[in-house]
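Heads up, there are several structures right after this.
Note that chain A is present in both complexes that follow, paired respectively with chain B and with chain C.
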Partner chain A sequence: MKKIFNLLLGVVTSIGGFVEAGSISTAAQGGAEFGFALLWAIAVATIILAMLAEMAGRGATVSKQSMAAAVRQRFGFHYQMIPLGAELIIDLLLLAAEIGGIAVAIRLLTGAGFQWWVLPIGLVVWLVLWFGNFTIIEDGVGLLGMITVSFIVAAWQLHPEPKAVATGFIPSIPDHDLTRYAFLTVSIVGATVSPYLLNFYSSGAIEEKWTEPDLWINRTTSYLGMGFGSIVSMGVLVTSAVVLGPLQIRVDSYEQAALMFVPAFGRWAVTLFACALGVGCFGAAIEITLNAGYVLSQSFGWPWGIDKARRDATRFCTAFTVVLLLSVLIAVVGFDPLQMTLISVALTVVIMPLVVLPFLVLMNDHQYVKQHKAGPLANGFLAALTIVGALMALVVIPLEIFGG
Partner chain B sequence: MKNVGLGLQTVPVRILLILCAPLVFACASTNRLVDQQQKALTSLKATVTSVCTAWLDGTVSTTYARTALETAGILLEKERATISRSPDALTDARIASLTESQNQLARQIALLRKALADSDAAAIRRQIATAGSRPRQVP
Partner chain C sequence: MEEHGLTRTIDVVHDVLDKHIVDRNGREMGRVDGISVELRGGAPPRLAEVLIGASVLGSRVNAVVGRWVQGVEHGLGIGEERPVRIRFSHVDEIGDKVKVDLAVGETGSETLERRLRTWILKIPGSR
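This part shows the complex of A and B:
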């Protein structure tokens, strides 16, 4: 019974970190500019994320090693420096964007300039990490993240045409702005398949001490949990398509995005949107900061774990503190949070092959996954994803310039 | 065989093509700029009128409306800066017309912000009416 409860909690709390600045902004932009036509991109990205998360969790459960530690052991320290460096840069930018997202959410409610909030937000994130443990952080963030379900409620209340929504799940070529469409497609994939989510998930499996009999929990959590998060992202896109699309309002700021809640929630619209955005970004900020500590410690072989006494994991604590501090500095300089989100999402796509390729090797390594190796279908998926990821990495920067 | 087809191998044609290439790219780039600016302007106009309409209806707070108008003003400034950097800014009639519309919207945003600060609903109604018909209510 306890396991079932934990499973349900795991599925529900997967929303924490999934629905954040990147997924909200890209889905809102996609909906406002192309109606339901990009729903398929969210669906495909979710399948990719769920499959990778399941593999990361399986590997960590069986080998008791996170992805970063396994890559270091299998490919060597020098190779690991490449994905580590890339992931840290993206973590820094994403974290700055999430902190900016929380600050914008507070600005929507108070009207005070968002830079005033950056330092206090950084401090709150640090305090939660310093005094919290893994269960409190994961469940707390996830349960708070339930407020993002308001995107599904909004979409439901707007009664979109079911046939038109269903058509959005079939990939199509638009009759206008093809470059922009391609850019948003790639951005949605980049916002969904975040490398930090994968390493955080595999580190979480170790923090929660999953064992081989728990592999079914891993499978269920990854597929149902990511699916649940995906439905919220689709809610963002559908709401945006129904409300902002006909008005020809493009989402170039979160203030514009907030208007999508007005028909569904009336006087509560801006408050609910700000809470959903703020809580979503806060959850992601916690997870990204923690992941930065994880990935650095695992790559250098330092003791790590949020449940460890702080004096037993000093370098781990220093690592996440320094990354958080740097991100706060980036955010306080005053880059537009939405622009920073889109840039970090594009960079995520650039490093995608570096993230996916190790899966192909590790999931076929008997030392790592024992008898739980990837089957022909999973191997085919990983090979295809490596190729598609490499192609997307090649086109994303030109697309960012011409369509972003 | 040398001059088969369009005669692209002859030296004058090559030179002509090389000279025309930047013109073609420049024209395409101007069209793209005009298209993007037009869309951005339409979006900002719709944003401003939707925010003000929602404020008049009492759906959104003054704090939000003020912030949203301020952000719309910043976004508009960015668009104006982009268009003023264009080499065709002074010669292309479409860009000139866009610039005029942008200036008009900038003035409107400034007046709306002032009216909002004074909680002057009548002035806001007047401004929206001046900008065009009252926007469609959000569905």
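This part shows the complex of A and C:
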């Protein structure tokens, strides 16, 4: 009974934790500019994420080692510093973007300037991490995140034409702005499959002391949770396509994105959008900060764990605090949070092969996963997609930035 | 790692370098950041020490990076005890982890952790 409860809780929290700054902004832009045509990108990205998350959980459960720790041990520091450095840089940018997202949400609610909120937000994130434990953080964030289901409600109330929506799941080439379409495809994938999620997942399996008999829970929560969670992302895209598309509104700021809620929620639109955005970003900010502490500690072999007394894992606590401080600084300096988000999620796709390929090697290593190895289909699918994605990202990011 | 009866062949880079080191009570000491080899005129070289410390890692990347990290360690006031050097004669077991017959407290591997602790204990909730 307790297992069933844990399973349901896991699925619910995955749904609540699915969308954040990256997925909301990319899906909103995709919908506004290309209608339903990019739904397939969310679907493919979700399959990749669910497969990787399941593997990350499985690997950690069997080997009792997180992804970062295993990569250092198997490939040595010389190799590991490359994905580690890349992941930390993206974590910093993404964390700044999430903090920016929360600040914009508060500005939408109160009208007071965005910069004022950055420091207090950083402090609240730190306080939750300092006083929380893994269960409180994961379940609390996920349950609060259920407010993001309002994106599905909005899409539902707009009665989009089912046939048109279904067509969006078939990859197609648009008749206008091909570069932009390719850039948004890459961004949607990068926003969905964040490297921080994978290490966070594998560390979570260790924090929650999963054992091999729990593997089915891991499998079910990753596929069901991510599957249902992606419907929230799709809700953002569909709502944006139906509301903003015909008005020719390109989403250049979160304020414009908030307009997508007006037909469905009337005068509550901005409040509800701000809450969904704020809570989504807050959950992600906590997970990214925590993950930065995890990756650094696991790579260097320091004691770590949010369930440990803070005094017993001081380098771990210092690591996440410093990363949070740096991100707060980036956010305070002032930049456009939406642009920051888009750039960091697109860069994520570039570094994906560096993270995914060694991970696949581990998932085929008997010493790491014993008999629970990845199948040839999963190996081929994930390796091919991450390489193609990275090549595509390398081409379209410069085009997007310099092509205006 | 191959096993032949009582003797084992160990690939130092694959089986020792970058692995977790734990003390005799299973407490984490860090990772094998480097290995030193003793060159003895005439006799074959011998594995001397297991090294733990960010400056060793830095110097594996590049000598300048190594010196720079060493400078940072000095700045933090932990330079003298770094890198931590553990003689190979203290290595008890090489498996998933490298186990040594010392206790964390007997080495300098926890210096930074302890120094940070004095600060962290001042924050409410550090339990």
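Remarks
In this section, the second predicted complex is superposed on the first by the 391 of 404 C-alpha atoms of A that agree within 3 Å, B and C clash if a C-alpha of one lies under 4 Å from a C-alpha of the other, contacts with A are read in each partner's own complex, and residues count from 1 in each chain.
Convention: contacts are C-beta pairs under 8 Å (C-beta built on N, C-alpha and C of every residue); 3 or more make two chains touch, one makes a residue touch a chain.
From a predicted model like this one, the values you see are computed outputs, not experimental measurements.
After superposition onto chain A, partners chain B and chain C are found to sit side by side with no clash.
In the superposed model, A:Leu95 makes contact with neither chain B nor chain C. Considering which of chain B and chain C touches more of chain A, the answer is B. Of the two partner chains, chain C is the only one that A:Met81 touches; chain B does not reach it.
In the superposition on chain A, A:Gln73 contacts chain C only, with no contact to chain B. Once chain A of one complex is fitted onto chain A of the other, the partner contacts of A:Val396 are absent, as it touches neither chain B nor chain C. In the superposed model, A:Cys317 lies in contact with chain C only, and not with chain B.
In the superposition on chain A, A:Trp302 contacts chain C only, with no contact to chain B. The superposition places the C-alpha centres of chain B and chain C at an angle of 130 degrees about the C-alpha centre of chain A, rounded in steps of 10.
Contact with chain B, but none with chain C, is seen for A:Leu259 once the two complexes are overlaid on the shared chain. Once both structures are overlaid on their shared chain A, chain B and chain C have a minimum Cα-Cα separation of 38 Å. Common to the chain B-facing and chain C-facing surfaces of chain A is no residue whatsoever.
Partner chain B is touched in their complex by these residues of chain A: 107-111, 158, 242-243, 246-250, 252-253, 255-256, 258-259, 262-263, 266-267, 269-270. Looking at the complex, you find that chain A touches chain C at residues 69, 72-73, 76-78, 81, 130-131, 300-303, 309-311, 314-315, 317-318.
The residues of chain B lying in touch with chain A in their complex are 39-40, 42-43, 46-47, 50-51, 54, 58-61, 63-64, 66-68, 71-72, 75, 135-136, 138-139. Listed in rising order, the residues of chain C touching chain A in the complex are 13, 17-21, 27-31, 33, 52, 54, 57, 60-61, 112-114, 116-117, 120-121, 123, 125-127.
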